[in-house]
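Notes to accompany the following structure.
Here the chain labels run A, B and C in written order, and each chain numbers its own residues starting at 1.
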Amino acid sequence: MGARHRLSSAFWRRPWLKAALLLTPPLAAFVLVYLAALVSLFVSSFWSVDAFTGKLIHQWTLQNFHDLLHSNGTYLRIAGRTIGIAAAVTITDAVLAFPLAYFMARLAGRRVRALLFVLVLLPLWSSYLVRIYAWQTILSHNGALNWSLNKIGLPDANLAYTNWAMWIVFSYVWLPFMIIPVFAAVERIPDSFIEASGDLGARGRRTFRSVVLPLALPGVVAGSIFTFSLTLGDFITPLLVGGNSSSFIGNVVEDFIGINGNIPFSAAFATVPVIVMAAYLLIARKLGAFEAL
Amino acid sequence: MRRIRRGHVLIALFTAALCVPAAGVGSGTATGSLPTKIGKGEGSLNLIEWPAYADKSFANKFVQQTGCKIHRKDAGSSNQMVALMRTGGGGGGGQYDLVSASGDASLRLILGGDVQPVNINLIPSWKKFVSVFKSPAHNTVKGVHYGVSVQWGPNTLIYNTKRVKPAPTSWAALYSSKYKGKITVPNNPIQIADAALYLMKSKPSLGITDPYELNKSQFDAAVSLLKQQKKLLKRYWNYAADEITSIANGDVTIGATWPYQTLALQAKHVPVKEIIPREGATGWADTWMLAKKAPHPNCAYLWMKYVTTPQVEAKQAIVFGETPVNPKACPFMNKIQAGSCAKYHLNQPLSYYNRIHFWKTPVPDCGNGKKDCMDYNAWQKAWAQITG
Amino acid sequence: MERKTTRAALLGWTVLVVLFLWTPLAIIAVYAFNSSNIQVWPIPGWTLHWFRVAWRDPDVRSSLWLSVNVGLRATGISLLLGTMAAFAIHRFRFFGRESISFLLLLPIALPGIITGMALNSFYVFTGISFSIWTIVIGHATFCIVVVYNNVLARLRRTQTSLVEASMDLGADGWQTFRFVVWPVLSTALVAGGLLAFALSFDEVIVTTFTAGAQTTLPIFILDNLKQGQQLPIVNVVAFAVILLTIVPVAISVRLTRDTGVLRRGAATVTAAESVEITTV
C-alpha cells in the first residue's frame, strides 16, 4: 500500500516520468516497425534490381523516377486515373452520405437511429472481398442488374468490367466510412444553433448553408480521408471488376513487386499516393477533420 | 505548423539512421552436396503451387503414406510465385519447400539463387519421362537439375460455340474487330510471345524465329499489335476464375486460355470449345523446384517422387487439364476418362512438341550469336504500357 | 425546423441509400442457396448442399481459426499500446506531441498497400520469415490507431475535474484509475477492441504482403475468387459471416452511445458549451 502510494505520488510530482513510461512502448513499436519499414521502403526507391536475377543493387540512382516519367505517359495516366476515380468516389460518397447522416442525427428517433446505425455498420463488417464479388455478379451480363432492367423493358447496361463498375463498387464499399463521421459531426451541432438561425430569420436553405454545412464539414473531410485513401491504395477492385484500361497505382505496384521482386520501382511509384495523402492530410488538419475522426 | 514539420523531419532522420544499416542482406551461393537417399519425412510440407497442383484427390494419399502434412500457398501467376519465393530473404524464406514454377519463372529462380540442385536419381520415374522434359533448359543449367518436370500444357484459343461462328482456326480471331468487346487475354507479360508467334506466321518479313527471342524491331511490332488488340478486349484476365466467370456469364465469348478453364466451363455445361490454332501455340512446362532454404527437404523429395509416378501424373492431368511428362501415365488416364490420353496429346510423337513454344524467360542472348534481344525487364515494362 | 417536404425527401434518400447498402448482401445471401454453381440471376433452384460442403471443408475451418487467432492477438496488442498512447497524448503536453498524434494517424490515413509493401520490404531486407506474427504486426499497425482514437475521444469527453476531485478526496492514482477512469473507459475499450478485431478479421490488402503459407479467411476467399471452382462455398461463408457479425455490431452500437455515469454529465457539458459560445 505504502509503496503503491509512494509510486503514485512520484508520478504525480514528475508527470514527465509517467508520460515517458506510457509513451515509450507504443512509440518504440511504432517507430521501430512501421516507420522503419516506411523509410526503408522509400530509401529503396533510389536503388535498382538486377534485371534477370532480381537481386537488389544498393547503388543510388534516380532511374526509377526517370522511368516513371518517361514511359509515353503510361504511369502518369495510371496515376491520373487512380486519383480521378478516388476523387469521384469521395464526392459520390459525400453526396450519398450527407442526407442520410443528417436524417439519422437530427430527425430519426432513438430506436430508428440505432437501427440505422446497425444497418450502416453491418455492411462494413461483412467481408470487403465478398462485397466486391457481389457487385461482380450483379453487374455481369446475366446478373441481377440486367435482369431487372430487362424486366422493366430496358436494354442491358453492359457495366461489367468497366471503369464505371469500379466507380460504383468503390462508392459502395467505402460508403459507411463516410456516413459515420458525417453523422458524428452533424449530431454535435447543438439544436440551439439551428433555432437561433431560424430566429434570426434564416430560411431552411440559408441555415443549412451557413450553419449546418460549415459545422458538418470536418466530418465530411474526416470521412473523405478514408474514402479517398482507401480508393487510392486499392488493387483488388480493379482486378475483380475492372476492364481493359483499369490499372491502378496499386496494380502496377503489386505487379512490380512480383516481377523480379522489383521493390525499388514499386516504391518509387508508391511515393505518388503517399505524397497525395500527405498533402490531403495537411489540408484536412487545417479544416479540423482530425477531431472528427 | 512549422514545429510539426520539424518534428517529422527529426523522426524521419532518426528512423533512416536506424534502418539503413539493417537493409542489405548478402547471400552466398553455397551448395551443399546432394543427398544420396531420402530420409524420413519431417511431418510437414509447404508448397507454392498453381491451384490444384496438390489437389486433395491425389494429395491425401501422400499425406497418409508419408505423414507429411501439406500447407498450400496458391499462386495466381508466375510473378507471384517468384515473389513468394523471394520473401523472407529469398530461397523460400525458410518457409517454403517446393514451388511448381513454370518455364517463365524457373530460370529466374535458379539465377536468383532461390532454388537448390536436386539429386534426380532419387526420383525413379524421371528415367521414363518424355525426353524433352528430362533436362529442359528451363530447369537444368550446365547439367545440374534444380527440380523435376511435372506437367505441361498449351495456351489455347477458347470460344463460345453458340456465339462464335464460324469456328475460328487462327489466332487472328483475337486481333480482329469482329468480336470487339467480347475478347479476353491473360494479364501476363509473356503474352507478348503470343503476339510474336502470330506475327511469326502472319508477317514473315519480320524474321521472327523464336517468340521469346525478339530484337528491338520484332519486339516493337509485337507490342504495337497488342496495343491495337487492347481496344478490342473486354478485359485482361488475371486469374483463371476471372476468365471462367466472364465466359460463364456471357461477358466474353472468345479468348486465350489454359485447358483448366475450358474443363471448368465444360463441367458447368457452358458451350465452349478450345483449339490449338494453325499457327501453333505457346505452352508452359512446370517444374517442382526445391527451395534453397527448404525446411522439410525429405518431404519435398518424397513429394517429387510421388507426383511423378504414373498414377498420380494421370490424376493430376485430368484434374487440371494438362499433360503428364511421364508417358506411362497414359493407360491410367484412359482408365479415369476414356480417350483422355489422346485428348491431352500424351500419345503424340516428338515432332508434336515442335509446335508448342514453351515459356521461357526472355534474355538478351538471342541464341543466334547476337546479344540484342529484349530481356524480361523490357517485356514487363512494355506490358505495363500496353495494359496501363 | 425542417419543412415537411424536406423531411420526406431526407427519409426517401435514407431508404434508398440503405437499400443500396443492403441489396448486394441480400443477393449474396440468396446465392448461398443457389443450386447451380454458376452465379446466374435469378437462381435456378434452392439447395442447402453448399452449407454442408462448407461446414466440412477443413480449409474453411483452418482459415477461420487463423483469422480469429490473428484478430485476437492484434486486438490485444493494440488495446495495450493504443490505450497507453492515448493516455500520454491526452494527459501531457510536451515537445513533439502534435507530430506524434499526426504520425499515429498515418497507418489508417495512408493506403493499405503502402503499409503492406513497407512491411514486406522490411521483412525481406531484414530476413524475417513470414509467420502468424508478421500478419499480426501488419494488422496491429492500424488496429492501434483505432483503439487510440476511440480511447482518446472518450478521454476528451471525460471531465478532468472528476479526476481532480478524486485526487482531492484522497484517492491515489490507482484508485482514481480504478473507480473513476475505468468505468468511463471500459466501454470505449470494448468498442475500440471490437472495431480493431473487425478490421483485422476482414483485412486482405496488407495481409497479401505480410502472410506466407498462412491462409486467413479473407485470403481463403481471395484465393477462391481467383480459382473460381468453389464460389458456392464463398457465398456460404460470406452469408455466415454477415449473420455472425450482427452480435458484435449490436454490442458496439450500444456501447458507443453514451452510457453510464457520465451520460448526463456529457449532455450538460454540451449544453453548457453551447450556452457559452452563444453568449460570446
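Note that in this section a contact is a pair of C-beta atoms (placed from the backbone, for glycine too) under 8 Å apart; a residue touches a chain by one contact, two chains touch by 3 or more.
Owing to the predicted nature of the structure, the values given are computational and were not obtained by experimental measurement.
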Key: Innermost chain, taking as reference the mean of every protein Cα atom displayed   = A
Ask   = Among the chains, which has its CA centre at the largest distance from subunit A's?
value = B
Request  = Provide the C-alpha centroid distance between subunit B and subunit C, rounded to the nearest whole angstrom.
outcome  = 38
Query = Roughly how many whole angstrom separate the Cα centroids of subunit A and subunit C?
reply = 14
Task = Round to the nearest whole Å and give the separation of the Cα centres of subunit A and subunit B.
result = 35
Subunit A, residues touching no fewer than two other chains = 35-38, 40, 44, 137, 140, 142-143, 240, 257, 261
Query = Going by the touch rule set out above, which residues of subunit B reach two or more other chains?
reply = 11, 19, 22-24, 86, 238-239, 242, 245, 249
Junction residues of subunit C, two or more chains touched = 39-40, 100, 102-103, 120, 122, 124-125, 225
Key: Residues on subunit C engaged by subunit B in the complex (per definition of touch)   = 37-40, 96, 98-100, 102-103, 120, 122-131, 212-213, 215, 223-229, 231
Task = Using the touch rule from the top, collect the residues of subunit B that touch subunit C in their complex.
result = 3-4, 7-8, 10-11, 19, 22-25, 46, 51-52, 71-74, 76, 84, 86-90, 93-96, 238-242, 244-245, 248-249, 264, 268, 270
Ask   = Residues of subunit C touching subunit A in their complex?
value = 1-3, 6-7, 9-11, 13-14, 17-18, 20-25, 27-28, 31, 39-42, 80-82, 84-85, 87-89, 91-92, 94, 100-115, 117-122, 124-125, 137, 140-141, 144, 148-149, 167, 172-174, 198, 202, 204-205, 208-209, 217-218, 221-222, 225, 234, 238, 241-242, 245-246, 248-250, 252-253, 257, 270-271, 273-274, 278
Key: Touching residues on subunit B, where the partner in the complex is subunit A   = 11-12, 14-16, 18-20, 22-24, 77, 79-80, 82-83, 86, 108, 111-113, 189, 230-231, 233-236, 238-239, 242, 245-246, 249-251, 361, 363, 375-377, 380-381, 384-385, 387-388
Ask   = What part of subunit A is in contact with subunit B in the complex they form?
value = 31-32, 35-40, 43-44, 51-56, 58, 67, 71-72, 74-75, 77-78, 136-137, 140-143, 160-161, 239-240, 242-247, 252, 255-262
